[in-house]
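Next up: some structures, all given as structure tokens.
Presented sequentially are two complexes of chain A, the first with chain B as partner and the second with chain C.
Right after this comes the complex of A and B.
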């Protein structure tokens, strides 16, 4: 494995050196220019994909960042005589700060954020173009950059530009690879699939989006800086036109925007084919054809060339590999009801133990609707608290305010003594609170293993990548999903998805686990299995709050039961006494029986 | 500081131009708000309509008012065909943005192929006629455009609010599955609305032909300001689109008169950014 890695590393290094020396081989100057353009588009498309492909926020304003870099380099080098190489970091910095400014506005939005992001980035390029056009930066006359002195790295200026373009391209691809395989990348993939869940699983979504946007824009800015010398003459209409945003989107989507190499493949294909239509009417037909390819590609290969190819290859090798082997063993029910000897409503139910979560007068209203009207409740370490109540009584809202998904209207929630009601959801997840969703919300484009590994990586224990995969496998074993680890969530049935939810919550190693109707929709055997699992989890020391309609399971599992009704705590106590309480019977069980 | 008359004049022409923004925004707002499809090709459709009106006017001497009667059914059919493709390939919100981006570029190339990239002006006898009200001049064509925009916006609003079809459309936008469960024929309604939106694009195109100069690249000139109008006017709200269009038109026009015409684009986008920062409940 390591030898293999060393060989491929050496191969890449050799290829880069050969590419760098290519202009010295005496090819016609045409090739310098052609290859530069391919590198240029690969860098731009890949930089776009770091936010828009990985994180799913489509930017239509890549021209703004690219153009900011172009004009930074042009202004600094032409008007202030700054050495060309020094202007490139400046171009990257200007573009990155512009992105951080835009991101700080739009990434705070809760609704329509994808669409508004696309529009705002579009708007920013219009505003920037207007400002540059009407101020001395350009003034409408354009800037002549062909006289900017280039460093003498290569014998001729065009060869130097080639080399800079190539280095930029290699650097961008390396950065995209690193991001795709880092925590940031994992977080971005999760944001792409379901941002709210990502936040609740511990991904600092706001910071991650901002970081990805800044990286993406910085690369575009630096690429623009190099390009300023390539074009020789800058005009606002060319720089901020629709070409750059159109082509980067098209190239990335064609190649596969979620894969680090996808945009490069798409860019190489399209840049090469565009080079054949360079003049006059042909250029126009070329644009039309490229647009047609975009439409067909999105309709037929919505995931792009590289991911489609990888999936095809995986299926092909899997077929060859599994054919001679015996079929995979059916998963053992990993959990046997070992905790069954423990009486559910034992006297040592944990009332004397320290308080894990203290809720004080928690209120939450949505407009005129009061979902929680002052709930006060202590949850003790190591107990299983059953949370019941009729539909609309505020059970799920209570979970949502504990995890920080909704801010409290008033009141206080303390976890281990520290107030958490003002913390962002990802911070609460870090402190050891995990939840499952009543309707499973897996990350649809991540494999079962990655779904769980992602939660492990961002959960309360800070695992590295390898450790989080190991941790994830442990919980897949525990829930009996190990055999499906490379499947996508869409291939799982409801029971398996519910257990995936559970594995994802457990791999975060929570101190407090909130289970929202994990049993609903399961058949009696599956319910027995799930009850046994929940007992085992508690035996590991985890505190569990457990929302459920299924009374058999509630009575069997809970140390105490809390009954919510119309947003208030209606009854609290041992299962036996609460269930005999005539008020509870009339309010809750009466309705349940009637249903 | 410009004179009071100049300010008043720029306010009037701004509101009139804003009516046209509202007219272009109308179809876009409806398809985005009610069908969850972001139809970038709406602008390209409008310009296609504008060029058709121009062509019929110059080569057949057909009055634009008659041309609109031909344009409306033609564009309705165009909208239905586009929607059939969307449904067949299960196009969703973000993909629709990309696909219609591609459609726009193809239409732009086709326009350039047929009518070249030159700017063209549709000369009509009434193009330069103005009413003089007090000290203000009101160009007749723009006034008619503004009245048409207001009429369409109001009619659409009434249609959505009071008719069965309108209520069913709004219900579908809220929750398609529940609406279908209550017997709403979602497929039929979505085809109907797509056709209507495209027809609105055609009507807007006729006024674009009458009021402004045509060039294929102008498709993109409208994009930014109209999207700002759609968002400020609230998605799927026809009257909102009209009012937002007039406000932005007036703001732009006053900005042009007080500062410099070149700065006008900054006004609408700044309004959009301020709105995003403010985040009112109705957004």
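Right after this comes the complex of A and C.
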């Protein structure tokens, strides 16, 4: 594997060197120019995809960062005589600063996701264009950059621009590859699919989005800096027009915005198509034909060329396998010390052990609705606490405030003695709190393996990329999903999705596991399987809060039961006594059932 | 890829027939061009936002090439125009010029349409030391390449010279304006002229009651119309492009305000002339298909042929205007410079042109001033009876036509 990587690395290095020396091969200079344009679009489209493709924050404002870079280079080199190469880092820095400034505000606001973010970035572009147009930066007259002296890196200026464009492109692709295969990339993919879940699973979403935005903008800015000298004359209307945002979106979507190489493939194809029909007599028909081909390609391959190709290759490889994989049985959980019975005494249940989670007077309001009205509850290390109550009693809200998904209105929550109620959700996750969702919320574009691996990577154990894959496989074995590790969540049935939720939560190696109706919708056999698994988890020392409506499971599994009603702790105690409490029967189970 | 002007092939046949028949075919009295074609490459924005104007250039250029080939071509050889589509993108224009020079290996190049593509292509021409003539660059000071030539007589400082022409026209009226309101797009060439007009107006003692800039692409002129109405200047100068003028006049009409006199820099000629609000609107031109210009060689044929082809191509305004005329002038300059220099060598062509100038449908042009520009020849035209007519200087107005100044 290492030798293979070394050979691949040497091959790539050689290819880059050859590409760098291409202008010296004696080809007509047009090819320098043509290839520069291809590199230019690859860099721009790939940079766009780092935030918008990986992270799902669709931006229509890429022209703002590209334009900021163009005008930085133009202003510094033309008006202040700064050497051209020095202006490029400045162009990147200005664009990145702009992105950080914008991101620091908009990424804090949940309502600015999706189309609102797209529109906001477009507005940023317009605002920046207006500022540049109405200040001496441009003032409307444009900036002539054709006379900016270029460094003599290559024999001719066009060859120098080619080389800069190529280096920019190679650097961008390398950066995209690194990001895609790093924790940042994994976090961005999770953000793309479900940002709230990503945060709860330990992804520092704000920081990651900001980092992706800054990287994306910095590349666009540097590319803009080089391009300023290529076009020779800058005007606000052309720089901040719709061409750049429209083309980068189109290129990324065509190639596959979620794959590091996808935008490059899309960009290369579309940039090449710009030169396919340039003859004066074919111009209109040619443009129409290219547009038609693009529409058809996007309709046929909605996920983009690269992901579609990779899926096709995976299917083809699977079909060529000589023997089918043996059916994998879900592993039968080992017998637990407590067997099928609930713990016999308080010593077994662990309530004499230290408090793992202390909730004090927890209150949560949504406008006029008080979902939690002062809940005080201790959860002890190693116990299984059954949390029950009628619909709307505050069970899921309590889980949400423990995990930091919702901030508390007032009160205090301590994990291992330390207050956590003011911490962001990802920090709480890092401290060892994991949860499942009543309705499974897997990351729909990540494979089963990656779903679990990302939770392992961002959980309390702080696994690296390789270790997190190993850890994920361990938990997929545990939950019986190993055979489906390459599947997407959409290919799983409800039972499997519930177990995926479980595997994902477990891979974070939590101290405290919050299971929100993990058994709902399962058939009796599946429920037995799940109960056995939960016992095994507890046996590993994990504290479990178990929200469930299925009374058989609650009684069977719980050391204690807490009953919530209308946002208050209504009853708490050993399962038998709580379930016999007439008030609980009346409020929760109903008199007819009790009778 | 290659677009060949077809008639030269027919000319071989016609030439043969002419020899066998009589000398009655005046058009064939000269030797038809023959031999290897001289290939001239250029781009136009045939697709993209600049396409509506570029089609005018294309029609006019095709006519020009056909007429050149009806004469003697270049150096007795037929001319072939290799026209590519730059898609209204300066970066594409630049790379296509490199393609024309290094791959297609054209003999000569001419410029594209619009400031940004012209400047992008000029850099390529400079690197390869190619003779470069263009016709629509409104900011002469940017033409810093020593072999770049204008085909339209803006003069080297149109921001100073044309405002004088225009204000001379205004001063000639019975009630010369005492105040001026200037409203301009922030499009570089329009803003350039607006700033110059403001300075000249001040020099002439006019009160600049309003100076306002708006962004290129603006469609809502309501707020600006209110400012114009409030200023209520004697003369409204609009640095407009395309339909800006129509939109502004409509916005003014909604405010029950009609400007006393109004000038529009680069309007869409048809829509403004035909609009009820455009009556007596003023604009700039270099030539109109009317006397006395119809007395100039080539103009009647060009105007007639242009109208036919523009109608066929569904061009909204089918009369020959400054855009079409500029393109024709560009080819005339190239023809005279090549044949005058008796060479396809770019430097020889440039030297000959700089020394001798050229006579085009714009008259005698010189190129010995700053940025290779000669004397300005910008005129003032006005909408009268829904047609554009030259009104100033009076020597260029058709018989019986006068500037109407309410």
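Annotations for the structure displayed:
The criterion applied here is as follows: the second predicted complex is superposed on the first by the 537 of 595 C-alpha atoms of A that agree within 3 Å, B and C clash if a C-alpha of one lies under 4 Å from a C-alpha of the other, contacts with A are read in each partner's own complex, and residues count from 1 in each chain.
Simple rule for what comes next: a contact is a pair of C-beta atoms (placed from the backbone, for glycine too) under 8 Å apart; a residue touches a chain by one contact, two chains touch by 3 or more.
All values derive from a computational prediction rather than experimental measurement.
When the two structures are aligned on the shared chain, A:505 is found in touch with neither chain B nor chain C.
Of the two partner chains placed around the shared chain by superposition, chain B and chain C are both touched by A:133. In the superposition on chain A, A:238 makes contact with chain C only, while chain B stays out of contact range.
Contacts of A:200 after superposition: neither chain B nor chain C is touched.
Judged by the touch definition given at the top, the superposed model places A:115 against chain B, while chain C stays out of reach. By the document's definition of touching, neither partner reaches A:449: not chain B, not chain C. In the superposition on chain A, A:292 makes contact with chain B only, not with chain C. In the superposition on chain A, contact of A:284 is made with both chain B and chain C.
Legend: residue contacts after superposition of the two complexes on their common chain; A:28 is shown touching chain C, with no touch to chain B. On chain A, the surface touched by chain B in one complex and the surface touched by chain C in the other have residues 130, 133-134, 281, 284, 287 in common.
Looking at the complex, you find that chain A touches chain B at residues 56, 58, 105-106, 109, 111-112, 114-116, 118-120, 122-124, 126-127, 130-131, 133-134, 242, 246, 249-250, 253, 281, 284-285, 287-288, 290-292, 294-295, 298-299, 302. The part of chain A that touches chain C in the complex is made up of residues 28-30, 32-34, 36-37, 40, 129-130, 133-134, 139-142, 144, 146-147, 156-158, 227, 230-233, 235-238, 243, 274-275, 277-281, 283-284, 286-287.
Chain C contributes residues 1-3, 43-44, 46-47, 58, 83-87, 89-92, 94-96, 98-99, 101-103, 115-116, 119-120, 122-123, 126-127, 142, 144, 186-188, 191-192, 213, 215-217 to its touches with chain A in the complex.
Across the complex, chain B meets chain A through its residues 32, 38, 85, 89, 91, 93-95, 97-99, 101-106, 108-110, 112-113, 220, 223-224, 227-228, 231, 235, 260, 262-263, 265-266, 269-270, 272-273, 276-277, 279, 283.
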